[in-house]
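Letters A, B, C and D mark the chains as written, and numbering starts fresh at 1 in each.
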Amino acid sequence: MSFLQALRAFFREAAINLARGWKVSLVAVLTITLSLFVGGAFLLVSGNLLASVERWRGEMRVVVYLQPGMAEDRVEALAGELRRGPGIAGVETVSAVAARERFQEAFPSLSDLVEGMGDEPLPPSLEVTPADPAHRPPELRAFLDSWRRRPEVSMVDDDREWLGQLENVVALLRAVGLALGVGLLVAAIFTIGSVIRLTAYLHSDEISILRLVGATEFYIRGPFYAEGFLQGLLGGFLATGFLWAGSALLHAQNPDALLTRLLAARFLTPAEAAALVGLGAGAGLVGAIASLRRERLTVAENEPAAE
Amino acid sequence: MSFLQALRAFFREAAINLARGWKVSLVAVLTITLSLFVGGAFLLVSGNLLASVERWRGEMRVVVYLQPGMAEDRVEALAGELRRGPGIAGVETVSAVAARERFQEAFPSLSDLVEGMGDEPLPPSLEVTPADPAHRPPELRAFLDSWRRRPEVSMVDDDREWLGQLENVVALLRAVGLALGVGLLVAAIFTIGSVIRLTAYLHSDEISILRLVGATEFYIRGPFYAEGFLQGLLGGFLATGFLWAGSALLHAQNPDALLTRLLAARFLTPAEAAALVGLGAGAGLVGAIASLRRERLTVAENEPAAE
Amino acid sequence: MIQFFQVSKRYPGGQTALDRVSFDIARGQFVFLTGASGAGKTSLLRLIFREDVPSEGQILVNGRNVSSIPPQKIPYLRRTIGVVFQDFRLISRKTVFENVTYLPRILGTDLTSQKKLAYQALRRVGLAHRLNAFPLELSGGEQQRVAIARALIHEPEILIADEPTGNLDPELSWDILRLFLEVNLRGTTVLLATHDREMIQRVGRRVLTLDAGRLILDQELQGIDPPRLEAPAEALEPPGPPVLEAAPEAGA
Amino acid sequence: MIQFFQVSKRYPGGQTALDRVSFDIARGQFVFLTGASGAGKTSLLRLIFREDVPSEGQILVNGRNVSSIPPQKIPYLRRTIGVVFQDFRLISRKTVFENVTYLPRILGTDLTSQKKLAYQALRRVGLAHRLNAFPLELSGGEQQRVAIARALIHEPEILIADEPTGNLDPELSWDILRLFLEVNLRGTTVLLATHDREMIQRVGRRVLTLDAGRLILDQELQGIDPPRLEAPAEALEPPGPPVLEAAPEAGA
C-alpha cells in the first residue's frame, strides 16, 4: 500500500472513530481549545499592548515644568534655548492657563479647587520631542540634566520612565499568558493522550486481530495518530474562531473604547492564526504518540488489566 | 442483600473502577475541580470585598470643602454649626495645610507643583461622620443639601456615592463568578457523565452478564452512581484545597498588601467549604444519573455501535 | 415448566429464526435441542430467560408469560434459570472465582459462603485449582467449564445449556453430561442444545429437532436405542480424494 | 515447513502447557492435533504464528526461527499464515465483510477486489448472503464459519485451525473439512486441532496427540483404517443411572 493511500485510510478511520466517540473526544478537543484560546488571547492582548507602547514611543516627550507665574516671553526664550539643544526635534510651550485646563480635564472632581484660586496655580511647561523617540543619546541626557539644575525649572519629567514600566507590565502579562498557555497545552496533550489511549483500549480486540493478521506497527498506529492530529486541529480552529469572535464582539460593542483600542486593535495575522492551529495539531499528534508507546499497545493485546 | 451492604459493595466497586481507569477519571475530576475552584474563588473574593465595603461603610464620611484661604476661627465656627445638624455623630476639621500634605502624599509626582505656590492652594475641609453610616436619614440629606448651597462651601463630597458604585462592581463580580461557576459546573457534569458512560461501555459485557444472572437495575447502576459521586466529592475536596492553598499563599507572600486584605481576609467557613464539597458530590451524582438513562444501558447490552 | 405456543421469532434484519414452534416441557424433564447451524436453537433458548422477546406466540415459564412479565420482575425469573452460553460470556477482567460467583454476590451471600459455593461448583467441572486464574489464562475447554460452573452455582430450577461441550474432548463431554444428568435427577429441568448426535444417542431422553426455525421432530429416545435421526450417508463412506467443489450454502 | 525442537511452554502462573515437544511437518502435509482439554493444543498453535514465544526450544517455520525473528519481520511471517481461532475473535463493531477483509485491507487491495475476495471466501463456507450482518447477528456456527473465511481469504501457505468445527453440526463439519482438504490439495500446509475423533478417523492423515503438554503419539492414519486412539471404554456402555460423584480433575 502506498504511503498516501495509507494516510487517506488512517484519516478515514480516525474520522469514523471521532464521530462514534464524539462525546469523549469533545472533552479533549475543548481542553486544547481552552489552552490555545488562553495562550492566544494573552498573545493577542500583549501584542496589541506592545503595539500601543510602540505607538506611544513615537509620541513620547520630555516635559520641562517651569516656575509658576513666569512671564510669557521668558517662557518663549527658554523654549528657543531648548530647541537648540542636541538631539531635540522640537519644543512646544504650554502656558499656565493651558496647564490648568488640562489639569481640570484630567481631574474633574478637583476642578473647583483649582478654579477658585486667584493666580494660575499650575506652572507653564515646555514639551520637548526628542529626535529619536526610542533612544536618548548621552548628549541629550546630559543636556536635560543640566536643565534640571536651572532655577527657572521646577521639574523635568521624562515619559520614558513610566513607558519603561508599562513595557515591564506587558512583558509580565506575556510571560503569565505564555506560562498559562503552555500549562494548559500540557494538560491538553495529556487529555488527548487519554482519549487516544482509551480509543486504543476500546479497539484492543481489533488491534490484536490486525497484529495477528500481519499488520505493521505503522498501519496499526496510523489511525490513532491521525485521530490525535484531527482533535488538535479541531481545537486549534475552534480557539482561533473564538478569539476572532471575542475580538469582533469587543469591536462591535464599543468600537472607540480605550479597551478595544488597547486590546483588540489588531487580530492575529493569517500566519499567526495558522501557527496556532498548527500548534494544536502538533499537540494532538504528540499526545497520540506519547499515549501509544510500545508497551501500551502490547498490553492491550493480551492482558485484561489495563483500562 | 441489605441496603447498607449494597452501598458498601457499590463504593468498593466504584473505587476499584476509579483506580483502574484513573487517567480518564482524572480529566473528569479536574474539570469539576476547576469549576468549583472558579466558582469558589469568585465567591470568596466577592465575599471579602463585600466585607471590606461593610467595614468602609462604618468609616464612611461626608466631606465639606470650604473656600480656600478661609480663616481658622471661621472654619471652627462652621464645624460647630455642622455638629448640631441632624443625624451627625461628629465633625473633624482639616486645615488647608493638612489638606496640602494629604494631597502631596497621594500624588507625590505633583508634590513640587503645590509646594512652589505662595498661598496654600487647597481649601480647608470639614469631615462629617454620620450617626448611622449605612443610611442617610432624609433630614440629614436635606441638611447637607442646604450646606451645598452656602457661599462658604465650595463642594460637598459624599463617600456613599462611590461606595454604592463599588457595591455594584462587587455584585457584578459575584454574578460573573456565579455564571462562570455554573457554566463550568455544567461542563463538569457533562464530563463526569461522559466518563461514567464510558465506564459503563467498558463494562457492558459485565452489565450484560449481571442482567442475565438476575441482578436488579439498582444493583447494576449502583456502582456507577457511586463512581460519579466519588469523582465529584474528590473534585470538591481538591477545589477547596486549592482555594485554601491560594489564600494561604497570598497571606504568606505579602500579608499586609491591600490585595491580601481585600481578597483573602477571610477563608471559607467550614459550612461553606462543606457546601462546596457537597455541590461537587451532587454534581457527580447528577452526571452519573443523567448518563445512565434506561436506553443507554440497554443499548450497551446488545448492540455493538454505541461507543 | 416451559411451554411454547406457536412462537415465531424474526430479527430486524429479516432473518426468521423460529417459525410457529410449540412444545411443552414438564418439570424435571431432560430435553435435547438439536438442528443444523443456524436452525434457531440459540434463538429459542434466549426467549426462555427473556434475553429476547418472541415476534409472535406465547411462552410460559413456570406458569408465567415471559413476554408480558413486568421489567422489574425479570431479574427474579432469571435467578431461577442457570444458563451456559454458547459463547461462554466470561468477563476477562475478572478471575474465575469472580466469574462464577455473580449470582451469590447479587443475592448478598457473604464471602465465605461464596468461596465454598465456587469451590464446589468448580470441583464438579474439574477446575477447582484454577480459582484465581483469569479466563484468558485458560484453555478453550476450561473456559467452557467455568461457564458451566457459573450456571450451576446455585442449583437452578431450570438449566439451559447452549452447546456446552463444543470445546471439550469426548471424555470430558461425557463427564459434563453426567453432571447435567445428576443435576436433573435432583429436580432441575434441563434443556440442552447440541450438535453431538453421539451424545444424544447414548443418553436417549427427549429430543427436539429444529430445521430452519421449524420444529420438525419431537421424539423420546430410549437409552442406547438406535436413534432415528437421519445419519449422514456420506459420513460412513471412505474419505477418498476430497471433492473439489465449494461447500453448499447451509444455514438459514 | 514447521519444525519444533524440544519446545516447552510454561506460563507465568506456573502452568506447563508444553513439555519438550519435537516434530516436523513437511510442506503440503495435512496434520491433526488432538488431546484432552488443556493438553496444550492452543498453546502449541500460538507459538507457530508467534502470538507467544516458547520458554525453551526452537521453532522453525518456513526455515525461519520464529522466536529470534526481529519484531518488524513478524507481520510478514503472519501474512503467510491463515489462523482460525478457537474463540473466533470476530470484531463485533464490524460487519462480516469488514471482518473477513482485514488482510486484503492491510495489503492495500482496492475495494472491488476486497469485495470479490470476501464473496468468494464466504461462499465457500455458505455465508455469502450474510456479508453485511454483524457478528452478534449470527448464530454460533455462522460466526465460526466467518472466522474460517477470514483465515482463507488469501490462500495462505500455512493454515492453522483451532477447533474449527466445535459449533458446527456434523454435515457442516464435514463440508468444512472438505474445504480444508481442498485448500491442502492446492499446496497449503494444514494443522488442525480438534476433539472430533470421528472426523480424524474418517479423514485419516497424520495425527499428533498431546497429553498434559507432552507429545505422546505421532501416527499416520490411512483413510478409514480403524484409528488406534484409545476409545473410552465406558462411552460404549449404556448410560444407566448417572454416577453421583463429581467429575474427576481433568486438564493440566
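Methods note: contacts are C-beta pairs under 8 Å (C-beta built on N, C-alpha and C of every residue); 3 or more make two chains touch, one makes a residue touch a chain.
Because the structure is a prediction, the values reported are computed rather than measured.
Undergrad: Can you give me the shortest step count from subunit A to subunit B, moving only between touching chains?
TA: The fewest touching-chain steps linking subunit A to subunit B number 1.
Undergrad: Work out the mean Cα position per chain and let me know which chain is farthest from subunit A.
TA: The most distant chain relative to subunit A turns out to be C.
Undergrad: In whole angstrom, what separates the CA-based centres of subunit B and subunit D?
TA: A distance of 69 Å separates the two centres.
Undergrad: How many Å are there between the centre of subunit B and the centre of subunit C, using C-alpha atoms for each centre?
TA: Comparing mean C-alpha positions, subunit C is 64 Å from subunit B.
Undergrad: Rounded to the nearest whole Å, what is the centre-to-centre distance of subunit C and subunit D, using the mean of the C-alpha atoms as each centre?
TA: A distance of 25 Å separates the two centres.
Undergrad: Spell out, as numbers or ranges, the residues of subunit D touching 2 or more other chains.
TA: If we look for residues of subunit D contacting two or more partner chains, we find 93.
Undergrad: Touching at least two other chains at once: which residues of subunit B meet that condition?
TA: Expected reply: 305, 307.
Undergrad: Any idea which subunit A residues touch subunit D in the complex?
TA: Per the stated touch rule, the residues are 1-2, 5-6, 9, 205-206, 208-217, 219.
Undergrad: Tell me, which parts of subunit C touch subunit B in their complex?
TA: The contact residues of subunit C facing subunit B are 49, 51, 72, 75-79, 83, 89, 91, 93-94, 102-103, 105-108, 150.
Undergrad: Mind listing the subunit D positions that touch subunit C in their complex?
TA: 11, 13, 15, 34-38, 41-43, 86-87, 123-129, 133, 137, 139-143, 145, 162-163, 166-176, 178-179, 181-182, 184-185, 195, 197-198, 202-204, 223-224, 232, 234-235, 238-239, 241-244, 246-252
Undergrad: Spell out the part of subunit A that touches subunit B in their complex, as residue ranges.
TA: Where subunit A meets subunit B, its residues are 20-21, 23-24, 26-27, 30-31, 65, 67-68, 109, 112-114, 116-119, 121-123, 154-155, 157, 187, 191, 194, 197-198, 201-202, 305, 307.
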